[in-house]
Amino acid sequence: MQANAIPAEAQRCIDECLDCYQTCFTTAMARCLPGAGKPTPGAHLGLMLNCAELCRTTAEFMVSGSTLHPRVCAACAEVCAACADACEGTGDMDECARTCRRCAESCRAMAASAGSAQGFSGSQQQNSDAPVKMPT
Amino acid sequence: MQANAIPAEAQRCIDECLDCYQTCFTTAMARCLPGAGKPTPGAHLGLMLNCAELCRTTAEFMVSGSTLHPRVCAACAEVCAACADACEGTGDMDECARTCRRCAESCRAMAASAGSAQGFSGSQQQNSDAPVKMPT
Amino acid sequence: MQANAIPAEAQRCIDECLDCYQTCFTTAMARCLPGAGKPTPGAHLGLMLNCAELCRTTAEFMVSGSTLHPRVCAACAEVCAACADACEGTGDMDECARTCRRCAESCRAMAASAGSAQGFSGSQQQNSDAPVKMPT
Amino acid sequence: MQANAIPAEAQRCIDECLDCYQTCFTTAMARCLPGAGKPTPGAHLGLMLNCAELCRTTAEFMVSGSTLHPRVCAACAEVCAACADACEGTGDMDECARTCRRCAESCRAMAASAGSAQGFSGSQQQNSDAPVKMPT
């Protein structure tokens, strides 16, 4: 993804979120659908689909340079952690568990660092007509 | 939408979220694209698209009976409130502002009431194999 | 949804698509997840999720006034018809089957009528800076 | 993305579609929003957002092993080609144009090769309870 104005930490988090979207959705389809592997409880399958969508949405907030991304990253971190827990419990979804764990940590860091990221957090709330400029 | 096992308050919030998704996306396309109306700052347009996606994702968490919905509803409430503020500032996006405001209030109520909603919040975190049952 | 410049037939199709998105996703979560009802083959559950996403995407093409909507509507009509067939085969998913059938018919009509809808189809391909104006 | 049962050609197309989703959305936010670069006609911006969503949806059909993927790939190929044309016309969106062009070609190939891909195309329409198995 071309995103030259996005700070490195945000770009890493975007990449983790999109990786988590893909891994959760793919694992859900390849491993968790009825008949596709070991039986998966419905709530776990639902959680994987929800996690996929929230990760993707969180990435879009960061790509858009939204000042609201810390709030969404914080929620995403919790959902990813819960999904990692559920995947670890199965014994054979280690890659999905690891991906969710990495995304949770990255989102948590983005949520925590937001207070000091003036450039990155200065765009959307001001409704400025200026381009979204984020320091690298 | 057929959703007979979803509590009435959650169903109302799902409906508000999907209405907000549609209204934000439609308004963005019909009123805010370059050339489609009064000039809209890029950050406002980005916020409307982000808000639309988060509202839809939040609805999906509730439709899925996820125990994590309060966290996501809380984040959605903030984003919708910010979008309502931005739309009110334009002077001619009153319908979108009202829809965002209603959705923000509904999401805030869902986030706050979650503590006592045992039945609705008991399904996904347990990874139970039982169907998602929510009291009406 | 505020969409005053969209022709009535397109608006009906948008509404059918969004209804089909909601009904397919909700039915998948409430009826088809493992443990949530009668066993559903994984391929049927995957089809319902795919159908939901394509319906939503198709609605977004029409909301955006895209000249490419007939192509996407035609694909959506086929997917909705396949989903309706699969749902009818279960014996207890009649509402979802009917919703998919209605959406398939509406999308097929939109795909077929596109040739003569000059105003509606004249906007995106020209990359015009003018607002998307669609005759009612 | 872990997807060991998906044929190599389909996996490449999935990767191209997800790359196109990211590139179109990111470029739209970073380059095409009002104030974020050279003025972009609203129809072009709408097309990029539509293209992003259709690419992502098309990837999901293939990830799910849907037999309906050729129909959706064919529509996606047309939309990506139109988006590539529009981006080429601007003179400074070469990366997005190239990404859309690659995705269009990959989707076109997937749509054309579907007739002979028995294994890949045998799963969803049969509503089989068996896992989606795709030859590599």
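Going by the order they are written in, the chains are A, B, C and D; count residues from 1 in each one.
Note that in this section a contact is a pair of C-beta atoms (placed from the backbone, for glycine too) under 8 Å apart; a residue touches a chain by one contact, two chains touch by 3 or more.
Keep in mind that what you see is a predicted model, and the values were worked out from it rather than measured.
S.K.: Could you tell me which pair, A-B or A-C, is linked by more C-beta pairs in contact?
M.R.: Looking at contacts between chains, A-B has the larger number.
S.K.: From the centre of subunit B, which chain's CA centre is farthest?
M.R.: The chain farthest from subunit B, judged by C-alpha centres, is D.
S.K.: Can you give the whole-Å distance between the Cα centres of subunit A and subunit C?
M.R.: Between these chains, centre-to-centre, one finds 28 Å.
S.K.: Centroid from C-alpha atoms only, then distance subunit A to subunit B, rounded to Å. What do you get?
M.R.: That gives a centre separation of 18 Å.
S.K.: Quick check on subunit D: which residues sit in contact with 2+ other chains?
M.R.: If we look for residues of subunit D contacting two or more partner chains, we find 29, 33-36, 39, 41-43, 46, 49, 56, 60, 64-65, 128-129, 131-132.
S.K.: Hey, which residues of subunit B end up touching subunit C in the complex?
M.R.: Residues of subunit B touching subunit C: 1-6, 18-19, 22-23, 25-27, 29-30, 33-37, 56, 60, 63-65, 95-96, 128-132.
S.K.: Per the contact definition, I'd like the list of subunit C residues that touch subunit D in the complex.
M.R.: Counting only subunit C, the residues touching subunit D are 39, 41-44, 46-47, 49-50, 53-54, 56-57, 60-61, 64-66, 68, 71-72, 74-75, 78-79, 82, 86, 89, 123-129, 131-132.
S.K.: Can you check the complex and tell me which residues of subunit B touch subunit D?
M.R.: Per the touch definition, subunit B meets subunit D at residues 29, 33-36, 39-43, 45-46, 49.
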